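Quick notes on the structure that follows.
Chain IDs A, B, C and D follow the sequence of writing; residue 1 opens each chain.
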Amino acid sequence: MANSRYEYVKRFELADELLPEVWIVIRIDGRGFTKFSQAHEFEKPNDVRALCLMNASAKAVVEDQPDCIFAYGVSDEYSFVLRKSTSLYQRRASKLVSVFVSYFASNFVHRWPDFFPDKNLQYLPAFDGRAVCYPTAAILRDYLAWRQVDCHINNQYNACYWALVKSGATPAEAQATIKGTQADFKNELLFKRFGINYSTLPAIFRKGTSIYRKEVQKAPPAKKLRISGRGEKNTTASSPNNDSPPMTMEDKRNLSIALANMEGGGATGVRGGGTVRATSSALRGERRAGTAEKATAGGRSL
Amino acid sequence: MANSRYEYVKRFELADELLPEVWIVIRIDGRGFTKFSQAHEFEKPNDVRALCLMNASAKAVVEDQPDCIFAYGVSDEYSFVLRKSTSLYQRRASKLVSVFVSYFASNFVHRWPDFFPDKNLQYLPAFDGRAVCYPTAAILRDYLAWRQVDCHINNQYNACYWALVKSGATPAEAQATIKGTQADFKNELLFKRFGINYSTLPAIFRKGTSIYRKEVQKAPPAKKLRISGRGEKNTTASSPNNDSPPMTMEDKRNLSIALANMEGGGATGVRGGGTVRATSSALRGERRAGTAEKATAGGRSL
Amino acid sequence: MANSRYEYVKRFELADELLPEVWIVIRIDGRGFTKFSQAHEFEKPNDVRALCLMNASAKAVVEDQPDCIFAYGVSDEYSFVLRKSTSLYQRRASKLVSVFVSYFASNFVHRWPDFFPDKNLQYLPAFDGRAVCYPTAAILRDYLAWRQVDCHINNQYNACYWALVKSGATPAEAQATIKGTQADFKNELLFKRFGINYSTLPAIFRKGTSIYRKEVQKAPPAKKLRISGRGEKNTTASSPNNDSPPMTMEDKRNLSIALANMEGGGATGVRGGGTVRATSSALRGERRAGTAEKATAGGRSL
Amino acid sequence: MANSRYEYVKRFELADELLPEVWIVIRIDGRGFTKFSQAHEFEKPNDVRALCLMNASAKAVVEDQPDCIFAYGVSDEYSFVLRKSTSLYQRRASKLVSVFVSYFASNFVHRWPDFFPDKNLQYLPAFDGRAVCYPTAAILRDYLAWRQVDCHINNQYNACYWALVKSGATPAEAQATIKGTQADFKNELLFKRFGINYSTLPAIFRKGTSIYRKEVQKAPPAKKLRISGRGEKNTTASSPNNDSPPMTMEDKRNLSIALANMEGGGATGVRGGGTVRATSSALRGERRAGTAEKATAGGRSL
């Protein structure tokens, strides 16, 4: 075979399998999205259309990958959780990351006009990704809590910053006012100066978005995701991949540990503002409020 | 800081840096493109529109990444060569693979209507990717030769297969006729039975496509890529990244070793059918013919 | 600094940290010990002096490394279990493996005359090693069970093979007699033909050796290991490393899960023939017998 | 098979192959040798017996491993260079490191009485090790130069420090005198105050030790190493491994590039004070002197 002379080069492709029986999280981030959001004039501090586009793209990824059992998104970032026992692509890190991130990008670009009908893409986005392993449900839960607390902190900061800037402060003045301040100070600033009750801001801004599978009792296809957000078309996903086994009882138990203290899910597969975890005291008040919001979060906040 | 309690989870993000001072090749492949090509009714054995869409997407990646000094594509696969000394993303494998593959996917989806104006995407593509290190220019050259020989072998097989099928053979009959036969047999089959002179088939089918940077003498931006294929719009790339140093003399010397025996480049940055290497005797006749074709390959073959 | 010109070469030392919060097992094996055992005329099928030398060397390693909480040995192989939370050598695989394996080799060579007073080393041994991560106590338990079942199967086979050979069979005849036979057949062969009751063979041969830490109530040094085997001198370990924190409650709980169903430990830190796990039905009878043996295993079997 | 139930645990043993066709250096270091040298009352600033023990152990490793084509030692550290094309242990990092480091440790302990006949080991040594890949002969050369310059700098510092301390300075005074000074200052300090001509100190202290294979014209075994140092017995190595192919012309060419500017080898396989590389101007004078010394280095300096 003419090719055999060169086939030795295949040996340079080294293995990159991830440890078996640990949770794999594939986290993706928009590359340079500060600039991207300026170039596309995203609303500040949050652009609900951009978030819904992120959510729709992530939902497509989850639909495409039966072994992805949960996803959590905030800003231009999404974390996809694979079941511990997945053997998807033999757990090869490069394969996993590349397929997830490219399918996400395909969706983001394709669905752009649905969410920004009046705005063309000025240039095309890229996303970086990585695969990280977490050995236990407790650590996975802490990972998700980490991302959600980040969402909260950034959002509170941004709410103050943009309220100040929109009211006439220079960026430097705005920064100086809030730098190093605590949550209480920021909440009071928002309320006293701008009449904003932080806890009533849309949950999608304060808490991010969770995507999970909803049990459906009837015949296959057994898993169906719905997203309740505005602008989401009711497309049926064409997944080439829907052949993985259903979640086992252990999958479910593990996932429920990981997501312990989340408010009970509604009928929707994608919730705006689902709290991932209840242990952060800073978030406790929020979460309680969140419980009430949950039922309507989709319709109201997106 | 409220977040610090969870920040320990960052320790689970392990390093994946690639060895310094070796060539990095990022190779991407369409996921399930046999099915994708059927769903979108690609012409057989080659669909020039699909190849040009691949080329346009790859060219966008090369424009976006100054440290990518060469790319080679065949069918639904593209290999991007990074300069040995690149410190792009600290040579982290996941970062490199994810940004390249997602930007490629963004372009593929965004440019689809330019190449398939009359055909909507039936579902969205994903691409898998990997990063592989090659220590020397000679091995890199063998890698590229491996991919090009693969292109040749597959194309010759497919040319025979589809000629037989289009002339009425069943798939099984076509397979039986060509299975295990040598290049000479296939060439004769094509010529005697179908009047096809294999060596005059478009070079883009027989040899794949090379993308490289063209030296421009005038003022910065010093590097400019052009693609001469049909359907390529003369867009100016908006790259957020064009800040890498120019190629050094050693880069150039190394690249010229890697690409030794390629036919001399024309004025175009993307050539259809550039032969990567001349050492495979099976390809020798081809390559000589290729030299003549080169000047017009863009116009004729795409 | 004169050296700075070359210091770039440090960049080639890539990270090899192991995932946090998983059990690390460092398993070492004698290199080419079939030949080594012949060159040193080890007794067949088992040489108790060689096993005791292995045990003494392993005990020294455990004494040297406070984060090593358990070790299991069979034949020329030893597995060292590190606590899940260890940060020893920042969990760098190369460091861990090299220090464990070299300290083991140092001890093996140094202690040789204690166990083989009448036999010089004909040539020096080497050991290979690897570090493997196990995410849960249950999987760690299965790992240890895997090694112990291996011990049992090999020992039963070897008991038959050498009984046959010592009674006049050629190696080929011996192999032919036992190849592919079940445990019952081998037990009967031993009993009927050679009057050997397999279950009364020394536990150290049938079940391998476990090393674990014994809680000592009095003042520091809080941890003390003893080995009850013959030939073991009562040296005090000079460990440069005895500064790690004591085992936490969680360490203890995890370890006890991993070692569930082991017979209760006696007063000795090293037991000959401790059963690691009780789930293998093939071993169930053995283990019960093992319980009775345990108290005297050291004195009787070593 | 009783074992199959547990064999899944093998999947946790992940691949750790090193990139093909790059130089592999296995570097080992004594663990905690500052303390070890105190506990064994090594002479300061250099103990020639300890260095010769290191050299004898390293020579044994090179003899044991035909694919190890060069070794360089300084203080309690040794670097072993494997040929680029080696497939030893399938280039698995853990295997390579563990076998090299454990065989070194075996030799160090076993040969101790030959070099320290009047001093027992107070406790046993461990060594850590790592495998590092270098893509080109030029970078390998820089790696070796880095180690040799380190040797030089440390030795010059230590020569001054111990001369001062032995003449009555406190450690703090000695440090204060030499901290931050240049090579010239130190040379003058040694000469003016202590009558020491640094360049006439034994080459083994100033330049470290190189081990390489000597071509032998007669019949196999074709490769033979000798060490000329005092105390080295003329043992014949019993290597279980001497079956690797002879060095190819390319191996030789590469190695000669890596070792360019070394003084020409004498008849001995181990040279005390071989200069690895000539490019460091700080070492230039040394090296010239080194050339003259070479012939007698073994006899005089060891």
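One rule holds for everything that comes next: contacts are C-beta pairs under 8 Å (C-beta built on N, C-alpha and C of every residue); 3 or more make two chains touch, one makes a residue touch a chain.
For clarity, every value in this text was computed on a predicted model and none was experimentally measured.
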Q) Looking at C-alpha means, what's the farthest chain from chain B? A) C
Q) More C-beta pairs touching across which pair, A-B or B-D? A) A-B
Q | Inter-centroid spacing, chain C versus chain B (mean Cα positions, whole Å) | A | 53
Q.
I'd like the Å distance between the centres of chain A and chain B, where a centre is the mean of that chain's Cα atoms.
A. 32
Q) Which whole number of Å gives the spacing of the CA centres of chain B and chain D? A) 47
Q) On chain A, where are the residues touching two or more other chains? A) 12, 14, 19-21, 133, 139
Q. Along chain C, where are the residues that touch chain D in the complex?
A. 2-3, 5-10, 12-14, 16, 28, 31-32, 35, 60, 64, 89, 93-95, 97-99, 101-110, 121-134, 139, 142-143, 145-146, 149-150, 152-153, 183, 238, 240, 280, 282
(Q) Show me the residue ranges of chain A that touch chain C in the complex, using the header's touch definition. (A) 19-22, 133, 135-136, 139
**Q.** chain A residues touching chain D - in the complex, by the definition given at the top
**A.** 11-12, 14-15, 17, 19-21
